[in-house]
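The same subunit A turns up in both complexes below, where it pairs with subunit B and then with subunit C.
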Partner chain A sequence: MDEELNHVIDESRANYLDKDNYDVIVVGTGFVESLVAGALARVGKSVLHLDQNCYYGVNCSSFTLNQLSDMLTKPNDDSTTASVVQPILKNPYIYYQQPPTPPTPAQLPTQVEQPTPVEQPVATEQQTTTTTTNVEESTTLDTNDTSVESTTTTTTATITPVVEKEKEKETVKDVFKVGRQFIIDLFPSLLYAKGALVQLLISSSTSKYLEFKTLDKNYLYANGKLHAIPSTKGSIFKDNTFSLKEKRYIMKFIESVRSIVGDNSSTEENNTEEQEKQQQTGETLESVTKKYKNFVEFVKSYQMSSNVETFILYGICLIHPRSVEQVTVEEGILSVLLYMTSLLVYGESPFLIPYYGYGDIPQAFCRLCAVFGGTFVLDRTIGSINFNENQYTGITCSAGQPLTSKYLIASPSVLSPYIEAANLQPQYTKEQYSRCILITDKVIVNSSECSYITIPPNSIAGNKSTINVYQMENICVARGYVLIHFTTLSNGATARDDLEAVVETFAKKGCLYRDIDADSNSDAKDSRPNIIWSGYFNMDLNTSIVNNKSPLSELMPKGIFVSSDSPISASIDYQSQINEAKSIFSMIVPGVPFLEKVPDSEDIIWNSEEEQSATTNETTTTTTTANTDNSNLTESNNNDDKQE
Partner chain B sequence: MVVLNEQLFDCEINSIQFYKIQYNSFKDNLVLLGEAAVGKSSLVLRFVRGHFLDYQESTIGAAFLAQTVCLNDTTVKFEIWDTAGQERYHTLAPMYYRGAQAAIVVYDIRSQDSFERAIKWVKELQRQGSPNIVIALAGNKLDLAAKRKVETSEAQTYAEENGLLFMETSAKTAQNVNELFVEIAKKLPKTPNPRPGSGRLPISPIDNNPQKKKPCCSS
Partner chain C sequence: MHGVLKVKTSEEKARELKAKEKIKIDEYRSLVNAYTEHRKLNEFNDNSLLVTKKVLEINPEYYTVWNFRRDTINHFATVKDNETMQTLYTSEMKFIEECIQRYTKSYWVWYHRKWISQRIDKCDWDRELKLCSKLLDLDLRNCKLYILNSKESQRQSIAKVHCWGYRRFVGERSNIALKKEFDYTTVKIEQNFSNYSAWHQRSALLPKMYTEPTELFDCLVQEFELVRNAAFTEPKDQSTWIYHKWLVGTIKTIPNCNYKEVLEGEIVAINELLEIEPDCKWPIYTLLTLKMELGNSTKEELQSLLNNLKSIDSDHIKYYESLETQI
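Up next, the complex of A and B:
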């Protein structure tokens, strides 16, 4: 009997961690949490990083097509284990290859969908194909893989626009065969080449874990057409969207924005011009902030044509899909400026895209954390939080193991079940976003493989908010397919309500499809993209109301810090999330530099010992062995198991 | 014609640096995979530094080393990624092996479990890794062959069936360690990889700070 009991206990403790006391426990591997975890480990804190899901990133995560499809088709089931629960995707709806008649709006989904009859065979087929390929894979995987790829390319290429049911099924089946080659971001974004995040990735040495690609083109949808936003002098000359007068307006505006911020990036030669500009305007950031209610008003004060206003408000000033009226003068000006300074840094476009999806960014900071001794456990979260009066003492994790730490960091969605904090919610704005993931056989904007399109409000089917569209080809996608992301702020409507009309416009009417030279060509019709698969869903995101004067964490029991769990930022370019991470970090270790550069192994090889000790942060890394001839791998203390 | 336009999108400082993009600076990423304590770090340290520690601590703080291998006419520069302990609770981030051109999957010849775990990693790499990834299977701790649990023939057969390089190594005695890396280097494509969807670039500190220059290129 006793033995049996012991056995049971042993079983339940099999999942226990070797160590149960840490400086900091971080729950959730979202953007902010990962940043803080990386920074704390970097300065020698012992960090345990848990995540309730079995994948990294929370809302800032990327999935394969098969995973995403599973998440959308399997209804939320609270009885299953934490790893399967996907509470973040609401109102799922999957649709593929249009039957002859488009679905009527009357079919509005209440919640979970009808795809079951169609979906079922796909799911099983997909399983069978994977099992069969598995058998083949065991011998020659490489050749097998490429053959799969090539067959799909050919089949998709030969599909006629005439809709035949058999072929449709083929297409969906085919795309799921290569589904794992897709990297689909839950929430894609753009990184400015000179933006806060890119700077931080570089300064913290985290960039070496990542690879990027520049965006090929940036478009604005206006008056029923796509307009490429020019980024070089050459393309401006060619540009025929604007009249010469309008071009001069834009130029003036940008000059004055620069002078308002006192941008010193101009070279000596332009100094006199710069001074002239200064004299012309005489405005400063403070004075314009006082003068104008919001950025729209500021732009309007220049009395430019409405074309140009739209171009500036939506084409150059890229604020996440909030209403443009909410954009403050300062945010708008800084956004325009950031756009300008980011041009031609890594390529023509001011934007970078992570080569393997946004999910890699939190992972990179998690890796940094692990490199400095952080422990990672996925599929494990808080079971309960332990207090001694108002002082946090530790958690009991979902595997039942009691763990102690000085600090706990988690997002509101993780903490709210455990802490009755009336003050927890109001500090955060809960915003609902509508998303659509579309897979087509052809690009919607030819000429550019990776493009970003901004659709201002009231442009297509009366869209209420700005819609951001990403087109991805060649990266994050299997060969022969194109992945298109649609994102918009939702006013409570389902993703399907918000976006289906726009998606239809893209794929069917082809009005966004700009075939520059072949407009009159009859082939143009055939080259319109077909929808192969599309998935709609909503996401609720808690965005922190950035107010550094009264950090939410001060209202929490001592030792608990709250991080916002939104993958998008209240301000432009992740600046607010980075600030949030910094402020949490500095509350735990005041006065210590945040995410200092990690000495590069190559640098260490070539530096002398003294120099190296100067560059290496003593608190975090200690050089173990004597410097043998060629390198100085830095290792440190703090181990719990021995390796050979 | 309209000179003013030239000012429209100029970006004085940045445009100069545009040309500094180092498209050719790609190195071959090599990742090491395997259960905790099979000797991944020891293999790397033996290869890179030429020495062995009996009690190598669990990897912390480095996990990223560079080493050049000279073959007859070419040199291959490896950037070697260690798992930094993230494999312990099977939480290795997928990011880790995504861009790798080569992988060494290590097991301990004294542990059947570690061999089975290695097979799982091979499958994972074949599923998620780069299409042309070079995979080597290494049975480490050959110096402790007396306590062997995984037969050479078993691993050899598996490797042959899956097109893997295979060697039994000892980080302690250095047996087969250099050979392993050299074999991998031989198998890597000699010309810079025609990478899927060209135009990948690492972001490097090309911004305005001359101090950040790398001290020297390696030999």
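Up next, the complex of A and C:
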């Protein structure tokens, strides 16, 4: 009897951690949490970092195609975590064309196959409607064009019974065979070369864990065309979409923005000139902030053509899929300036993209944390939070082990029951985003391989909000495929409602051009991409309203800090998230520098024996951490890819 | 405290750095001494080549060393057969290439390359052109000019002057197609139009390319269009206006052409620019010269432009006063 009981106890405690007391417990490996965890471990705090998922990054994560497909078909049905954590991917929907391998007449009526049981009744119904509309569209195309055979519009149901050998490789089966080579970000984003995040990565020497590539081009979709956004003076000079006067307006606007901020990055000689200019205009950041309600108003005050206004508002300033009216004068000006200073730093484009997916960035800070002794456990979260008279004392983790710590840091989604109980929700903006992920065989017509396209509201299929399109070829994808992300702010509609019409337009024409239809050239049609796989989903993101403070943390019971879980920033280029991490950090260890540079190995004095033993301890901690992470699919897969 | 490493202080680091520097300085000094010995004795041998090479690798600005090196090579040419000399020249070209990549602004390095390239029996001029293009592109990537930093980009443009000079030298010897070279300047100008050398290269090429007056006229009209784009993008950039001046001066000389119409068109464009940029020196000055050229404006008009120039550009007040006597 006793033996049996002992056995039971051992079994239930098999997953227990050796150490049950920490300085800080961090739950969720999202952007802000990882930043704080790395910074705290860096200054010698003992950190336990948990994540409810079996992967790193929460909303900042990256997945292989197979993983993402699984997530969309089997949404969070884990009953143990569902109570605390909301499923991050809502309204999932997958669509792809059935492989045309068995062309028996009996199968022809049901061409489009819904591969998953999720939402099956709705999905099939909607698919039939899509099918019919597509047939109509394809016939209109056929009458317009003389070359009927060359129409390769993907979503059309008119599959020729003859199996084309070339097309065979573009089927879903094949793409899933190489699905592991895809790195698909849940929420992709761009980094400014001179932005706060890149600076932090460099100054904290975390950049050594990451690799970047510069974006090839960014585009603005306007008047039915893709305009490459001129970045340098040379490209504005060369550009033939702007008139002479418009060129001057753009340059003049940028000049005046620089003089408003009093850009002192220029050399001394220029400074006197700048100062003179500033005296002439007499505007400062404060005075214009008072004068204009938002950035849109500020831009309009220059009385430029609407062409130039769209170019500045959506092309240069707005990087995140937010409403342009939300952008304050200060934010807008700083964003334009940041764009300019980021030019020609690492390449012609001002933007950097992580080579192995956006999910690598929080992981880099997690690694920093682990190197400095932090412990990581995935697939484990808060079971319950323990208090002693409103003072936080520790948690009982989902494995049942009671753990004590001085501080707890977690995101609103993890702490939601507690936040709701305290009625604190309004401190955060909860925004829903619609996402669509496409896998195609070619790039969008007339675009460069890795490019970013901004679609302003009301420009394509009646889109309500700005849509950002992020296209990747050669990185993060298997050879021969192109990955295209669509992201937009949603007003409660599902991702399909928000984006399908846009994707449809795209699929029909093979590009976002309006005038491509007029082009009866069959070469142009052959260069159209075919959609091989597409996945839609919604994400809810909590962004802190105030930039510099984390007001919610002040209202929470002592010892608990709340971190926002949005992968995009409330301000330009992650400044708000970094500030948030800094403020949490300084509340725990006041007056200590945040994420100081890790010393170069040649500058470290190794001779003392004590230090040497300390470092060996450190390495063993890191290896054990790696062992506990064997459920971490993302990282192991990424490593495979890196080796390839 | 755990996790905190002992790190060398900045003083310790500075000391280490100084020690390293000391070694380098001593090395250089001994090399210079060796060179001086050779020079004193007028020793032209393999060792003198080796010593000069080592000195120049560290300091290519030491031009007497280059001279001594050339003396040595000249001496070798009198005693050795051509085949040996050719291999020596080829290895010399490689050595200069390494120097050039590190010191693009050194006169002596470029001079030495010219000197050697003329001695080679069959110099690969295509390769030389490619080298120039590569170096000019390298500069573009290195210069962190922002969209507006025209002063900085002008400075960069000046730094590239050696390379452009060598390119012209190569062009003269290699009989490269004029059109090809012209297209190259277009590429460079499109990258960054604050490029005195590229505009200059264009002005040197155009009259050679189009000997037929009507052809040259048509081409110049296109050039005016190009310059207009640059002027509207950055009216403060001097290089474009200097090229504009050359265009005006050249189009006048074409016989039997209606150049006045073109210049009238330029006046309209500049007036448009001045509506947006009323206080910019170069367009006002160009407008003045154009009006003086055409001679159909009143004295008052010209005087008001001059007064405007005098007030915004007081540095050149004497020049404007001398212009006053001409109107």
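As a convention for this text, the second predicted complex is superposed on the first by the 483 of 644 C-alpha atoms of A that agree within 3 Å, B and C clash if a C-alpha of one lies under 4 Å from a C-alpha of the other, contacts with A are read in each partner's own complex, and residues count from 1 in each chain.
Basically, contacts are C-beta pairs under 8 Å (C-beta built on N, C-alpha and C of every residue); 3 or more make two chains touch, one makes a residue touch a chain.
None of the values given here were measured: they were computed from a predicted structure.
Student: If we overlay the two complexes on their shared chain A, which of subunit B and subunit C does A:Tyr56 touch? Say first, second, both or neither.
Tutor: Touch status of A:Tyr56: first partner only.
Student: Tell me the contact category for A:Gly44 with respect to subunit B and subunit C: first, second, both or neither.
Tutor: A:Gly44 sits against subunit C, while subunit B stays out of touch.
Student: So, does A:Ala461 touch the first partner subunit B, the second partner subunit C, both, or neither?
Tutor: It touches nothing on subunit B or subunit C.
Student: If you stack the two complexes on chain A, which partner ends up touching A:Met587: first (subunit B), second (subunit C), both, or neither?
Tutor: Touch status of A:Met587: no partner.
Student: Touching A:Ile254 in the superposition: subunit B (first), subunit C (second), both, neither?
Tutor: Both partners, subunit B and subunit C.
Student: Would you check which partner chain A:Lys238 touches, where first means subunit B only, second means subunit C only, and both and neither mean what they say?
Tutor: second
Student: Tell me the contact category for A:Val345 with respect to subunit B and subunit C: first, second, both or neither.
Tutor: After superposition on chain A, A:Val345 lies in contact with both partners, subunit B and subunit C.
Student: Please tell me which partner, subunit B or subunit C, touches more residues of subunit A.
Tutor: B
Student: Hey, what residues of subunit A end up touching subunit B and subunit C alike?
Tutor: 231-233, 236-237, 244, 247-248, 251, 254-255, 265-267, 270, 340-341, 343-345, 372-373, 603, 605
Student: With touch defined as at the start, can you tell me which subunit C residues reach subunit A in the complex?
Tutor: 1-8, 13, 141, 143-149, 151-153, 189-194, 228-230, 232-235, 269, 272-273, 276-277
Student: In the complex formed with subunit C, which residues of subunit A make contact?
Tutor: Contact set of subunit A toward subunit C: 41-44, 231-238, 244-245, 247-249, 251-252, 254-255, 258, 265-267, 269-270, 340-341, 343-345, 372-373, 599, 603-605, 608, 611, 614, 618.
Student: If you look only at subunit B, which of its residues touch subunit A in the complex?
Tutor: Interface residues on subunit B, with respect to subunit A: 2, 4-15, 17-18, 21, 36-42, 45, 48-51, 53, 55-66, 83-86, 88-91, 93-96, 98-99, 108, 126-128, 131-132, 140-141, 161-163, 171-172, 196-197, 199-207, 214-216, 218.
Student: Along subunit A, where are the residues that touch subunit B in the complex?
Tutor: Against subunit B, the touching part of subunit A is residues 17, 56, 137-142, 145-146, 180, 194, 198-199, 201-203, 207-214, 230-233, 236-237, 244, 247-248, 250-251, 254-255, 265-267, 270, 340-347, 352, 355-356, 359-360, 363-364, 366-367, 370-373, 375-378, 449, 474-475, 600-603, 605-607, 620-621, 624-625, 628, 630-631, 633-644.
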